Every structure is written in C-alpha cells, then in structure tokens.
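Each chain carries a letter (A, B, C, D and E) given by its place in the written order, and its residues are counted from 1.
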Amino acid sequence: MLRVDVSKQLGEFSVEASFASEGRVTGLFGASGAGKSSLINMIAGLLQPDRGVISIDGETLDNTAEHIHIPVHRRRIGYVFQDARLFPHLDVRHNLDYGRRMNRLADDPAARKRVIDLLDIGNLLDRRPGRLSGGERHRVALGRALLSQPRLLLLDEPLSSLDEERKEEILPYLMRLRDEAGIPMVYVSHDAAELRQLATEIVMLRRGRVTAFGGAEVLPPAVSPA
Amino acid sequence: MFDISPTEWTAIQLSLRVATVATLVATPLGIAVAWLLARREFWGKSVVDAIIHLPLVLPPVVTGYLLLLTFGRRGLVGTWLADHLGLVFAFRWTGAALACGIMSFPLLVRPIRLSIEAVDQRLEQAAGTLGATPWRVFLSVTLPLALPGVLGGMVLGFAKAIGEFGATITFVSNIPGETQTISSAIYSLIQTPDGDTAALRLVVVSVLIAMAALIASEWFAQRATQRLHGN
Amino acid sequence: QDKSLTVFAAASMKNALDELDAAYTAKTGVKITASYAASSVLAKQIEQGAPADIFVSADTDWMDYAIAKKSINEPTRINLLGNSIVLIAPKDSGVANVTIGQGFDLAKLAGAGKIATGDVSSVPVGKYAKAALEKLGAWDAAAPKFAMAESVRAALTLVARQEAVLGIVYATDAKVEPGVKIVGTFPANSHPPIIYPVAATTTAKTEAKDYLTFLQTAAAKAVFDKYGFSFLASPTN
Amino acid sequence: MFDISPTEWTAIQLSLRVATVATLVATPLGIAVAWLLARREFWGKSVVDAIIHLPLVLPPVVTGYLLLLTFGRRGLVGTWLADHLGLVFAFRWTGAALACGIMSFPLLVRPIRLSIEAVDQRLEQAAGTLGATPWRVFLSVTLPLALPGVLGGMVLGFAKAIGEFGATITFVSNIPGETQTISSAIYSLIQTPDGDTAALRLVVVSVLIAMAALIASEWFAQRATQRLHGN
Amino acid sequence: MLRVDVSKQLGEFSVEASFASEGRVTGLFGASGAGKSSLINMIAGLLQPDRGVISIDGETLDNTAEHIHIPVHRRRIGYVFQDARLFPHLDVRHNLDYGRRMNRLADDPAARKRVIDLLDIGNLLDRRPGRLSGGERHRVALGRALLSQPRLLLLDEPLSSLDEERKEEILPYLMRLRDEAGIPMVYVSHDAAELRQLATEIVMLRRGRVTAFGGAEVLPPAVSPA
C-alpha cells in the first residue's frame, strides 16, 4: 500500500496531495504542469515534503512530524525519469548494470537478457548515451530501472517517446511485472489508454491537488482517434 | 651544448620526483577541498577559500618562511611530525615536495572545483535512486564527469611545481642532490656571472618536461571528453 | 667513511666557491655540498636549524644577525673577502672615465636615464651604493633615477640591455659581463667596507675548522683573486 | 602596527592598479585563447598550449629576463611598440602590468577553457537554428554559460598578479611609485635584517586584498550559478 | 517543395533517404531509432550529409557535389528539438525572444501574445528552464521556434510530452499555420493520429531507409484504444 499525504511549496506552485492507494499500480494522471513529477520526486526522496507522510507497505519513507526522511539510496526504488538521465560517461551496458552493482546484487544474466530483448537494445550495448536516439535513451533508462531489482517502480512517462509498436510490446511486460513479480508502481502518463491497461488505481492531479481518485472510471472517456 | 653535468641530472631527477610526488599527494586532497567548496555550504567557507589562495597572493619567499617556521626543524608542526611520524621536511626533498604542493594547491583546486560545480546534479540524483550511497555517487558519477577538471588542475599544479623555487629555496635551501631542483639550479646559475649558457640548457629541459606533461594530460583529457561526449 | 661538509653561501660566490670546493675535495676527500641562495634566506634557515656547517655571507649584516641568533660559532668568524663597487655603463655608451669623489654629480650623468643597482634597502650592493652616494653628497639628486633590481646580476643585465644608462655593481660582476664597461670605481672610503664574512655554525662538524683554514690559504687567495675579490685575511700555506 | 607609510600606500595603490589592469586586459585575450584551445583543432595547438604555460614552468626571474629581451627598450617587440604605438614598458607600471598579465595568463586560461569545453554544444546548435551567427552564439550562449570559469580564472589571475614580483622586478626593477608593488616591497623588507614587522603588515594587506577579490568573485559566481541552475 | 536525397553514415547506422515532398507538411513516421531525428538534423544543417542534395522551394541548402552547405544560422528554420534545448541561463521570456533578436526582427507583441496564450505559458515568463516541468519545457521550445518567424519549421515530436487536451489545442493552431501562413513543416511523430490531421505527405522511415511515401494512407490503420 502506498500512502501519500504531503504538501510542498515550489516557487508559486504548491502540491497538496493526499491519497492511499491499495492497488499495485497507481496511475498519476494530469495535464502538463499539474505536479506529477514533483509528487513522484517526493516519493523517490529527491524532494523533501514541507509537511506530511509517505509510506509504502507500512514502512515510513517520510514523516516530517517525526523528522524521518529515508535517503534516496536506501529506498530501493527504480525511477524512470522523464528526461532519461543516463550516465553520459558509461556505455549502455554499464548504465544497465549500474543499479545491480550499487546494490551489490548477484549477476542475473537471464533477467538481463529478458529486459534487453524486450526493449530491443541489444545492439546498443557498447554505445554511449550521446549517440542514442531519443526513444533509445528512454528504453535504456527503463531497462536500467528494471534491472536494479527495485522494491517500488516510479515511471514518469516512460513510453511517451516510443512508437505504438514498441509500446504494445512493453506494456504487457509491465503488466506481467505487476501481476507476477508484484512490484508496486507509480505510473505517470498523459495517455489514458495506457493507464487503463496498467493502472489499478488512478490519482487525478490538477494544479497540485488531487481532484479524483479511484479506478479507471475517473479517467476521461476514450475517444476514437480522428 | 647538451652535455648535462651529473649535478644537473640530479637536479632534473629531483624536480621530477618532487613535482610528481607533490601533484599526486595534493590531488586527492585538492579533490576533497574542491568538492567541499563546490557542494557544501559551511561556516568559514570563504576563509578556507582564502587560505588556499594565500600561496598565490604572497611572494613565494613569504610562503617559504612560513613553512620554515611551521614545518622546520624547530617549527611546531615540524617537531611534532618528526617525533610522532618520523616525517622530516626540513632540508629534505620531502620539504621541497611540501613547498611545491602548497604553492600549486590553489591552481589544482580551482579547475577541479569548477568541474564539480558543472556536473549535472540530476545525474547524481539518478545514481542515488539506483542505490548508490553518496560516496559511491561521488566515485562513480561526480568524479568521472569532473575528470577534465582534475586533469586540468593536475597539469597546472605539476607545471607550477616544476617552476617553483621561491618557496622551496627559502624553506629547504638549495642543496644539490637533496633539495636543488631544476628551478633553483637555474636560479643559482642566473646569479652567477657567465652561468647563462648552463641556465639556458636547464630552461630547455624544464620546458621539455612541461610539454611532456601537457601533452600527456591533453591526451588523457581527450580520451575523457570522448568518453563523455560520444562513443 | 664518507666525510662531507655543507656550505651555505651567498649566490654571488658560486663561481669562486665551486672551484675551491672541487680543489678541497681533491685534496682532503671531504665532499662539499654547497647551497647557494640570498644571504638573508640562508641566515634564517641556519637559525631554523639547517644542516649547514659553514656560512658565507655577502655582507656583515646577515652574519651579525646569525651571530645574534646564536646560530654561528662566533670565534670562527673571519672577514675573508672584500670587494669594491664600480660605476658601469653599456659597453658602447659615451660615458667614460668618471672620477668619483666629493661633488660627483651622478644625477646629471644619468640625464633622463635610469641607474640600475640592487635594492638599496635590502640587496647588499644597493646598500653600499646608497651609503657611498650619501657620503659623496650625490644621493638626494640621484635617488629618483634609481631602478632597484632584485640582485646584482639583474642590475647588470639592465645595463647590458641598455635599459639603464648607468649601473652600480660589484667589480667582480662587472668584469665578467661583456655588455658593460667600468667607467669609475667608488673610493673605498666612501662606503662601509664591503666584506664577505665566513664562519662555522654552532652545529658544525669538526672538519669545518679545516675548511675555514683552507679558505685562508694562498691557493684559495689565487682563486679569489681570479674572480676579482680582494683577499682580506693574511694568506697561509 | 597599522601605521602604513606613504611609500607603502603608494605600493598598495600601485599593486591594485597593476593587478586590475593586468586582469582586465588579459581576460578578453584569455577567453579568446581558451575558446581556440577548447573548440578548434589547429596545427601547432600543443605548442600554443605549451607557450601559455611557460611562465608557470620557468622561474619567474627567467620570464622576467625573457620579457626584458623582448619588450625592453632594445627588444624587438619593445622597439616596435615604442616607435609605432608610443607604448613603453621599461621601468613603467605598464611593464609591471605586462609582467603580471603574462605570469597569470596560464591561470586565467585553464579554468575558462574547462568551462567552455563543458558548455553543451547542443545549446549552441539550438542558437544557430534560431539565426544566431557563430559570433553571437558565442556571446549569447557560450560565454554566459562559461561565466563561472571566466570568474574563476580572473580570481586566480588577479591573486597571482598581486603576488607576482619575480618577473616584475627583473623586467622593470623596483622603483617606488612606479614599479614597486606590495609584493616587491615585502620582498625587500624580508631581505632586511629587521624588516619582519613591516613585512608582516604588508602581508596582511595583500591577504585582505586577495580576500576581497575572492569574496567578490564568489558573489558573482553564486549569482551566475543561480542564474544557470534555477530561477 | 522539399527535396531530400542524402546519405549519411553514423557509426554503424546509415541514413539513405530520397524523397520530394510537394506538400506543406511532410510527416516523418517511423519507429524509435529509424533515423527521423538524423534526417531532420540534416535538413536543419546541423549534420552534414556525406553525399546528396537538400533543397527547399528550389533553393539549395546542401549539395555535396557542388560543395554547398548553407550554415545553420542562415537557413531561417524553426527547430523544435526532441529534447527542448532551452537556454538554461535565460528566463522563458528571453528564450522566447531569442530568435527575434538574433534575426533582428521587429517586435510583434500581438504574435507573441497569441503564441503565449495558445501554449498557456504566460505565467512562466519569468522562470528559468531549470524550474519548468517536462511539458512546460516543450511548450516553451515550441513557442521559441514559432516566434523566430521561420521559413521552415522542423518539429521533432513536439507534442509527445503533452496531454491530450493540450494537443487538441495546439494541433489546430499548427494546421492554421500550415494553411494560412503557408510555412512548410517537417513533422516527426509516432502518433499516426497526429500525422493524419496535420501532414499532407508522409515519409515512412525504417532503419534509415524510406519504405513508403505518399498520403495518409501509408500510415498504419487506426486502431481504437484498448
């Protein structure tokens, strides 16, 4: 269970969000500038809430009243940033391996192969991020987060730079992760269709406030493409 | 012209040893200080910054005297180090290395600091989310990305260490085989009537050493930049 | 067993001492390590416990300083050498054969040009020059024209490069620089005697005595003479 | 202790003037050279790089001597400048500024070069697509983004210019009111048997000047960084 | 008319594309890594083709045989980069104004207001890019390109980080630009629906090669969202 009840001031913008999501995948939905990335940064521990509580499966990550703020590196999260943030000095192979090394996990060639094949980045392994296309970068970033064996996945529009075909391949994989591995996720997307497939609960954000919370029914109705 | 005398050879070797040791010992310290100045706010930060720059601002002779008074045989720190660690600086090549290290420290720190400041903190955050402790973030992300600055600082520092003699000669004197570096040898020769040819010979040698250091550092830097901005 | 001595000597003594040290080593087998720097630097280093056995100073002030600091074995002190100061000009300058005496008008001689010498407050040659000019009544007029160099050699260079029209340096230095000519010699009584004192330090090895004796031999005198120093001690054999 | 004599005041003022002029004149040149080294490949690049570093590697006296040979009254460049531009360096404060500028040039160039190398070329490309000529790209994107390096280089250079005296005294000697800077005054005092107190007084003054320069530059840099990394 | 006939080697990847589009909006469609950004970079003049010709409305921009390569800043293009590339040291207002200043164009407050309102970035004008959300950044980048009064617009997935609602507002504006101002565009997108609305001609790219060229009919058939 993911419990979030925080407030945070960022310049003139403020986030005041409170929800408790039981589901395995919490979808964050909202217009550009609604505060989705800010909220997810707080869950990651990169942004400290001014006030409030964040806990996951009963374990407190943040509690301003009790001065608890678990540092980022101990949260065991996998975060796919909106802007990829690959390490420019490491080739794709080492980017993918980074989380495993830092967490001192045993090598798992099978898992690695599965992720690499799924994302179709096998032929990029020796390249550095500077020479990847936009979509390739995001795929590698997704792979990097998945391979760090996180306890919680934070996905900030992980598929928005990808083509339909690719999305159709990756979404089912994420659904399997949700159902089989049971890794909880927070998934940010503008794409209602994506959220409908993946999210078990939806948080609607608008100007930093939660305006709706519930199942897929809170999403705007599907429109058929023009 | 290039019949270098044994004393001169000794001076050349000593210079290389002194400058190399000074640079290698000062670099980790310089990185630590640069990191503190770049990434931490603390009380007295500008004082630390000012102290680091002192050797640049003061005439080298003054720095040399201060070293003599502090690390000399009768100096407070000097006696303590000699008694407790057996580390003697006074009139030894180690003292020359200390003097060079201190004189080149500001030149070392500034470029490193700038490079660390330029590292995108969002990448450090990303490393944190992947489980890297702050220390490992520093080693695996910040430091490699700041490498051009580290190399740049090391080159400046090394070049300065080769050229330094004001503080060195004042602190540990000009004893052939022990503390006479190329630069102090050049200085002695320049002070001697008709020492000019010999001085010129040594000047050429220092220039060659510095060029070698520069080219080596450019080569490393090039590789580092390539690693950062391409395959 | 290797015997050795460390000599701390004023930079201007390098030529002469290098030659003598080689001779001394050949004769006695005692290795000499010489460290040349400014007398001021050496005096302070000896004060701080430098491993020096002998101190050769370019002037009496710093020897006195060292004695006052009890870092010199006073009875061993000898005023070994003397020197004179001369007026020099670039080698193809029109100035020649100046008589330097009371009423000597250095300022007029320099015209719009500069007069190079060592720093008059700190470099020995400058101090002697100033003293002499004051004695001769030429200082006040000439003072603004002085370019004070960091060492005798630098002053010499300024004249040789014709940056300065005149210079005041030691006779010893003027002799070896082909770019300058000596146009006058300051009378010995116009300034305090120019003295290069030598002494053993309080921590000196026993061999130091022998070395000091060697410096006073006729053989040593011959070498010092060659480099233009006047020998103040009475030579022994 | 703080009764500073008129001569000392003159030296202090002169030092400030010399260091300021040296830094201000050297900075645009340093930026140009840094840009060339950072962004262009050309034949003889490592030679240029080596020449810039020479003043660091050589004992200052040697640099001063070389300046004398080149920019002196009888020097090749010196004669030309005097005849054509009426610019005389010999025994003038301008000569002191020239010496300080050259001595601090390597310290100025390296940080600027590093900062220029660190500027994201994709931003320069973006500026190009928006119609900016290469020159305006440089002025509106590269230079502002490299500002921390420019400031860093200027501080190092200024501090060095305050502390420089070896090359200065050799090139233009030590004429009170014209070429006697604080550093050469300190040097003279230290050479005098009981000049220590007076020297210490001037040391304190130089330290204060350097601290002021440092603090000012930190303040500018802070503003620059804020501008780069936030609002 | 946009004529492109180029080849370029990038590491192991090569682009060999040849097409001549009469239409006002040329849509570039293809999977991640197909070479869309590389192609558009060549049109912009940021990447020099190894061989070939690029011309627009009869004016040659690149002709390797004749050693012609018009430099970027003289092409008068507006390029919305896939990665925004806002100037970090300038606030939003000055980012928007940059192209006008560099081209020494007269100030046009009305045009500016129109674009700012359309993109809803009026309240961000004093902020620096470091404090913008992902979508905000892309909107500013779009505004910056539009306001430089380009002769040719290159849009590399300009809307992929925006929500449906925003897209619905901006797309019609781009259509108006196409129809009224008559500014030719090259438009990269993964979203077939977007291209169907906007593009008059479609270039299908696959592994650096043009696999289809024509009207909207070359796009994959519309699927209704799951």
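Just so we're on the same page, contacts are C-beta pairs under 8 Å (C-beta built on N, C-alpha and C of every residue); 3 or more make two chains touch, one makes a residue touch a chain.
Please read all numbers here as calculations on a predicted model, not as lab measurements.
A.B. asks: If we look at subunit B and subunit E, which chains touch each of them?
C.D. replies: Touching subunit B as well as subunit E, we find A, D.
A.B. asks: Give the fewest steps needed to get from subunit A to subunit B, where each step moves from one chain to a chain it touches.
C.D. replies: Steps on the shortest route: 1.
A.B. asks: Which chain lies the greatest distance away from subunit E when centres are computed from Cα atoms alone?
C.D. replies: Of all chains, C has its centre farthest from that of subunit E.
A.B. asks: Tell me, please, which chain's centre (mean of its C-alpha atoms) is farthest from the centre of subunit D?
C.D. replies: It is A.
A.B. asks: Return the distance between the CA-based centres of subunit A and subunit C, expressed in whole Å.
C.D. replies: The mean C-alpha positions of subunit A and subunit C differ by 80 Å.
A.B. asks: What is the distance, in whole Å, between the centres of subunit C and subunit D, each centre taken as the mean of its C-alpha atoms?
C.D. replies: About 35 Å separates the centre of subunit C from that of subunit D.
A.B. asks: Roughly how far is subunit D from subunit E, going centre to centre by Cα mean, in whole Å?
C.D. replies: 46
A.B. asks: Do you know which subunit A residues sit against two or more other chains?
C.D. replies: 11, 83, 127, 131
A.B. asks: Where in subunit D do residues touch two or more other chains at once?
C.D. replies: Touching at least two other chains: 61, 65, 166, 184, 187, 190, 229, 231.
A.B. asks: Which of the chains touch, listed as pairs?
C.D. replies: In this structure, the chains touch in these pairs: A-B, A-E, B-C, B-D, C-D, D-E.
A.B. asks: Quick one: which bits of subunit E touch subunit D in the complex? Just the residue numbers, please.
C.D. replies: For this pair, the touching residues of subunit E are 44-46, 71-73, 75-79, 81, 83, 85, 87-89, 91, 98-99, 102-103, 126-128, 130-131, 144-145, 148, 154.
A.B. asks: Which stretch or stretches of subunit B touch subunit A in the complex?
C.D. replies: 122-123, 125-134, 136-137, 140-141, 144-145, 227-231
A.B. asks: Could you please specify the touching residues of subunit E with respect to subunit A in the complex?
C.D. replies: 10-12, 30-33, 36-38, 82-83, 123, 127, 131, 133-136, 139, 156-157, 160-166, 190-193, 196-197, 220, 222-226
A.B. asks: Please output the residues of subunit D touching subunit C within their complex, sorted ascending.
C.D. replies: The contact residues of subunit D facing subunit C are 61, 64-65, 68-69, 72-75, 90-91, 166, 169-170, 172-175, 184, 187-193, 195.
A.B. asks: Applying the document's contact rule, which stretches of subunit D touch subunit B when the two form their complex?
C.D. replies: Contact set of subunit D toward subunit B: 46, 49-50, 53-62, 65, 106-107, 110-111, 113-115, 117-118, 121, 148-149, 152-153, 155-156, 159-160, 162-163, 165-166, 183-184, 186-187, 190, 199, 203, 206-207, 209-211, 214-215, 218, 225, 229.
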